[in-house]
Amino acid sequence: MSKYNFLDDYSEGAHPRIIEALARTNMTQQTAYGNDEFSQDAREAIRNKIGADEATIHFVPSGTAANLLSIASCLRPHEAIIAASSAHIVMKETAAIEATGHKIITQPAVDGKLTPDKIRLAFDQNSIFAHQAKPKMVYISNATEIGTVYTRSELAAIAAICKSLDLLILMDGARLGAALASSETDMTLNDIYHLTDLFWIGGTKTGALIGEAVVIKDKSLGADFPYHMKQRGALLAKGRILGIQFSTLLQDDLFLHLARHANSTAAEISSSLVKMGFNLWAKTETNQVFPILPSALVQELQKEFDFYIWDRLCDGSLVVRVVTSWATELSKVRRFITMAEEWKAGSQEIAVLEKQKPVV
Amino acid sequence: MSKYNFLDDYSEGAHPRIIEALARTNMTQQTAYGNDEFSQDAREAIRNKIGADEATIHFVPSGTAANLLSIASCLRPHEAIIAASSAHIVMKETAAIEATGHKIITQPAVDGKLTPDKIRLAFDQNSIFAHQAKPKMVYISNATEIGTVYTRSELAAIAAICKSLDLLILMDGARLGAALASSETDMTLNDIYHLTDLFWIGGTKTGALIGEAVVIKDKSLGADFPYHMKQRGALLAKGRILGIQFSTLLQDDLFLHLARHANSTAAEISSSLVKMGFNLWAKTETNQVFPILPSALVQELQKEFDFYIWDRLCDGSLVVRVVTSWATELSKVRRFITMAEEWKAGSQEIAVLEKQKPVV
Amino acid sequence: MSKYNFLDDYSEGAHPRIIEALARTNMTQQTAYGNDEFSQDAREAIRNKIGADEATIHFVPSGTAANLLSIASCLRPHEAIIAASSAHIVMKETAAIEATGHKIITQPAVDGKLTPDKIRLAFDQNSIFAHQAKPKMVYISNATEIGTVYTRSELAAIAAICKSLDLLILMDGARLGAALASSETDMTLNDIYHLTDLFWIGGTKTGALIGEAVVIKDKSLGADFPYHMKQRGALLAKGRILGIQFSTLLQDDLFLHLARHANSTAAEISSSLVKMGFNLWAKTETNQVFPILPSALVQELQKEFDFYIWDRLCDGSLVVRVVTSWATELSKVRRFITMAEEWKAGSQEIAVLEKQKPVV
Amino acid sequence: MSKYNFLDDYSEGAHPRIIEALARTNMTQQTAYGNDEFSQDAREAIRNKIGADEATIHFVPSGTAANLLSIASCLRPHEAIIAASSAHIVMKETAAIEATGHKIITQPAVDGKLTPDKIRLAFDQNSIFAHQAKPKMVYISNATEIGTVYTRSELAAIAAICKSLDLLILMDGARLGAALASSETDMTLNDIYHLTDLFWIGGTKTGALIGEAVVIKDKSLGADFPYHMKQRGALLAKGRILGIQFSTLLQDDLFLHLARHANSTAAEISSSLVKMGFNLWAKTETNQVFPILPSALVQELQKEFDFYIWDRLCDGSLVVRVVTSWATELSKVRRFITMAEEWKAGSQEIAVLEKQKPVV
């Protein structure tokens, strides 16, 4: 890869302290399948953060596994999930949820988020007894797929409507680190534990090689969860590698520290582009930036950087997605901004020259 | 863990060269989801071994994932698998195959192995049109669950009957390293590729932290396989960690070298116990030893070692399972043998003394 | 039930000739599971209608069974269906399709119908390799859920785009009788056979007690279809009762005759209401009428009739659904119209009187 | 069909009173999907028989549907069923249970029946946490697949072990009529209701055209059951046809009367063959007879009768299955017996003649 990539937050390996921990503990014998000391340590650390001794915590290899396990272990065959149309489980998981037999009822998101109104609407539109799958769970992602975050009061409002409609809440935390580190939220892990039924903490996108931690409130569901993990191929023999990574990430708040780096580099790109006069397609609240850029600028940036073209607008401009991570190099961020500034300056010069052209 | 454990071949982390490779490549940016350079290298290395440029190879996080993906991607809903009653997918995978909708038709194994006769019998007993799931695939594991291995001619005979009955063959290679390294087989990776439809090479049990390589002959099945991986939660964002491990294992035949160490330490334990006069419950052909030991000796060994009690025989003696691995320490093997010898000597002395006792 | 009901087209039993046929053939012994003489006769009759000797035809007990069997037998686990948001499989089948593991990708319907443009859009929006289920089949219902019908050229256009995108076409024919009997279509059973991959002919809604006939073009899919039927609980031991019904319906075009009765009574209600000045929420092309009526008129009609309130509009008026059937009594149709006319006359009188009131 | 068939108990249509009831009620309008008056009447009649006002009862179109719905609605994905190896769900339902994601753990039957010992063994052999599907339900069929019946004390013993192991009990009653009408049992419907968690009463094999009644004890499971029915394609629009049939069968004990006819004709065939000196492969306790006959006699009987060859014994004799039904004609039963007697007499004569032959 000759270009620097802002494609995603999983292009590098792991934070060096994780590699170091893997090396340090490598030759000790450990009990298999998640019953190792490192996993126990990581569970303890998470329980401390959420202030809940009774929570069950299991580590799984991927976000898709975390989602499908959470849903399939909670729902009966006739029960459905409510989610935003833009939800990861709807758009980017190859029907992983449907493959476990469950329908996802969708509603358009507002700023990437589900709202109590949308949840009630989805519920009401799916209440014809026996002829419509019974809504039983609400799925939200935090940070959302477009990088926005839920505030404590937003989540509390969702929890209230869900309680009244007897719906469970699952929070997909693939980018929970970025959400918790966002200046736009007032939410803590403890809040999340208390306002949801299950949630998971993404390791892969916050500096781990692999691994997500599923946190489960219900005792009996938690106790049976490893059966589901094994059944779906998500119970690793060497569960120790998930344990050691989370244990490392939770020491000295490394997890939040890494997320903050991702968020602040994104903020720098975002605010710089805004300062140059470019609009954003979505608010920059975490580590994803969605600027609307002229096609020519995009071509220029693509000479040195990789990122996704997210959408093409009617006026020819492009929405691009720039993702930063725990590993994003500051020098690359600055180079990206500089290239944009220089292009901007150059294009303004041309515009001025154009204007000055004598009419023939 | 204060005792040394012979419970399994996945109690340690990875071979140090793997940890080293992870560290060395850690900060380079790589394309996600298995499209990284390391995975490409590992694929190339496997294709060289099997002498088949056209084979599709994908890396998945667990053996259960490898099995359920292989089966679910090949079969139609009404199609079934034939396997030995003792098969891993039957006994130890929490109905992972049934969870994808497929029935497993079982037949008793012979020395842990399926035979052409058993396959034909299973086929014939499940041929009532529309009222019995249609047999379409045969599952074999090599090494088997009790450590035995298929010879080339055994596999060729299975391939012949499967061809005549229009059955696919899947080989579960969780311990394929041990099988290939066994002195009891004449089979190569190339043979296996040509005599099966799909097979997988187990990394987890041969020195990797995680990862199994699924090798697929059919082009169209191979092309669609990543969809199945994503759908079941088995497509890792940082697929690079699977690639780098297999790439390392395949350099300088490290893979076979590690398997040989496991096999030779098992052979040493096995032959020593046989020399002491103990019987084996199953032949020792790879890295699993199943001696039949007196209960008192088992208690003695348990003071310093952990291993599974596999079965209790009518005469009170115990079948135990002793598993060695790429990481098994020779000093521990010797200590285990010495303890058995000393106990044996002591018990003979007692026996002699018992005999010498004057009848009162 | 004291009120006459226009709720649906399955409130009565079967056409008397069907009851008579059941009685007449009752005591003859027949081979079970669809291999009876009556089912063979019915298959022959359908093959004659579609002009295709090679078509495979199977009879199943319900429309949901017909849909889920058609889809589950055709698709691989990672393949998805494209359907209108208003499709029966989306809105009213309790996630029957998802329960077989498949995702439904939706697009808003145009007059209840899918269009080539919508199909292409759905395809394009779901083409991210491995991360989105692969579109492989298009589901359309004819008549649609709102009673409209596809013309031959509309279906041909869909067939063309599907061919170019390698998509199969399934036509849900729960109300195929009404569609074929509609004056708005120029399509024949023969056209449908040639322009789709599978379709089914609804018996339940056209005068049978139970039963739908699935017509399958692909030989190998057809041959294995009974396995799927048995597996999903849809293979009836006394398949004869499905055969005898379809055989009866296909004699002397009874099927079309019954559908025409349903359509013509619906047309009478529809045109009468339009004549009175009421608008329609959807075109009346088959046996479903969706008039927009004042709430007071709805209350009046509900004194003697049952029908569904479909929607409530902003101005307080109601969309109601009036469904006629093969069994609808003409006297009831007339009574319904008369009640509406009388209410209309009364309300106009009141309106006139209101206008004439002296302003106090 | 020129030969008279003893292949099964579903070769004829329905008892004439059912056809009559269908005709009589045909044109009344009824609420759809099982909410009709006839279904309510039938439910009331069943509740009276079992002495349980609170039981939930639903009618489904097939035995396979009854089984898969009962199991899929009760179990979580990781839970398994224990059944006899000869169970219908194991041998003759095309993996219908596995298609809902569940594993069936099998044990050899004793006289076609499961025993408390076998249940405990199955449970104990499947108790490795997380690596084996968790046994949660026991499936028994009554009458069994070979026509034997459970006594009250046998069922009570099973209920006791299931209670102690936290296992649910499902009784497949495809031939429950025959079981209740058997002289070998002392069990009533009331007993069955109290000793199981769910059971179903087979209509198809006891004189109905179609339909099985599922009886559910748990209120919440019962309340949600129609969702499962709809999802699996088993909720009929014209549920009335199931209701009217069960309602008719339950009047004046028609159901038991029909079952007794089937049992007594089977008993006549069985005892006559035994009198002639033939052995039985299984006890004749209901309407299935499994005599062991010489191949020549079988060929003779096949000239006028159809029945299944069940097994071929080493000595060349054949196990055949002769099934009688509510519709079995007495004259045919006598003809069958006479043919056997005549053949027997003829063969003895030949044997005598053979003996008398002078040795040349």
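By letter and in written order, the chains are A, B, C and D; residue numbering begins at 1 in each of them.
Definition applied: a residue touches a chain if its C-beta (ideal position, glycine included) is under 8 Å from a C-beta of that chain, and two chains touch if they have at least 3 such contacts.
Just so it is clear, the model here is predicted, and its values are computed rather than measured.
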### Comparison of A-D and A-B by number of C-beta pairs in contact, larger one
A-B
## Note on the structure
Of all chains, the one whose CA centroid lies most distant from that of subunit D is A
### Query
Between subunit A and subunit C, what is the separation of their C-alpha centroids in Å?
42
### Message
As a quick test, compute the distance in whole Å between the mean CA positions of subunit A and subunit D.
### Response
53
### Summary
So, in whole Å, the Cα centroid of subunit A is separated from that of subunit B by 36
## Note on the structure
Contacts with two or more other chains occur in subunit D at residues 77-78, 93-95, 99-101, 130-131, 133, 227, 230-231, 235
### Residue numbers on subunit A that touch subunit C, as the complex places them
77-78, 80, 91-95, 98-103, 128, 130-133
### Task
In the complex, go through subunit A and note every residue touching subunit D.
33, 72-73, 76-78, 100-101, 129-131, 133-134, 224, 226-231, 235
### Query
subunit D touches which residues of subunit C in the complex?
1, 4-5, 7-8, 10-14, 16, 19, 22-23, 25-32, 60-69, 93-96, 99, 204-205, 209-210, 227, 230-238, 240-241, 327
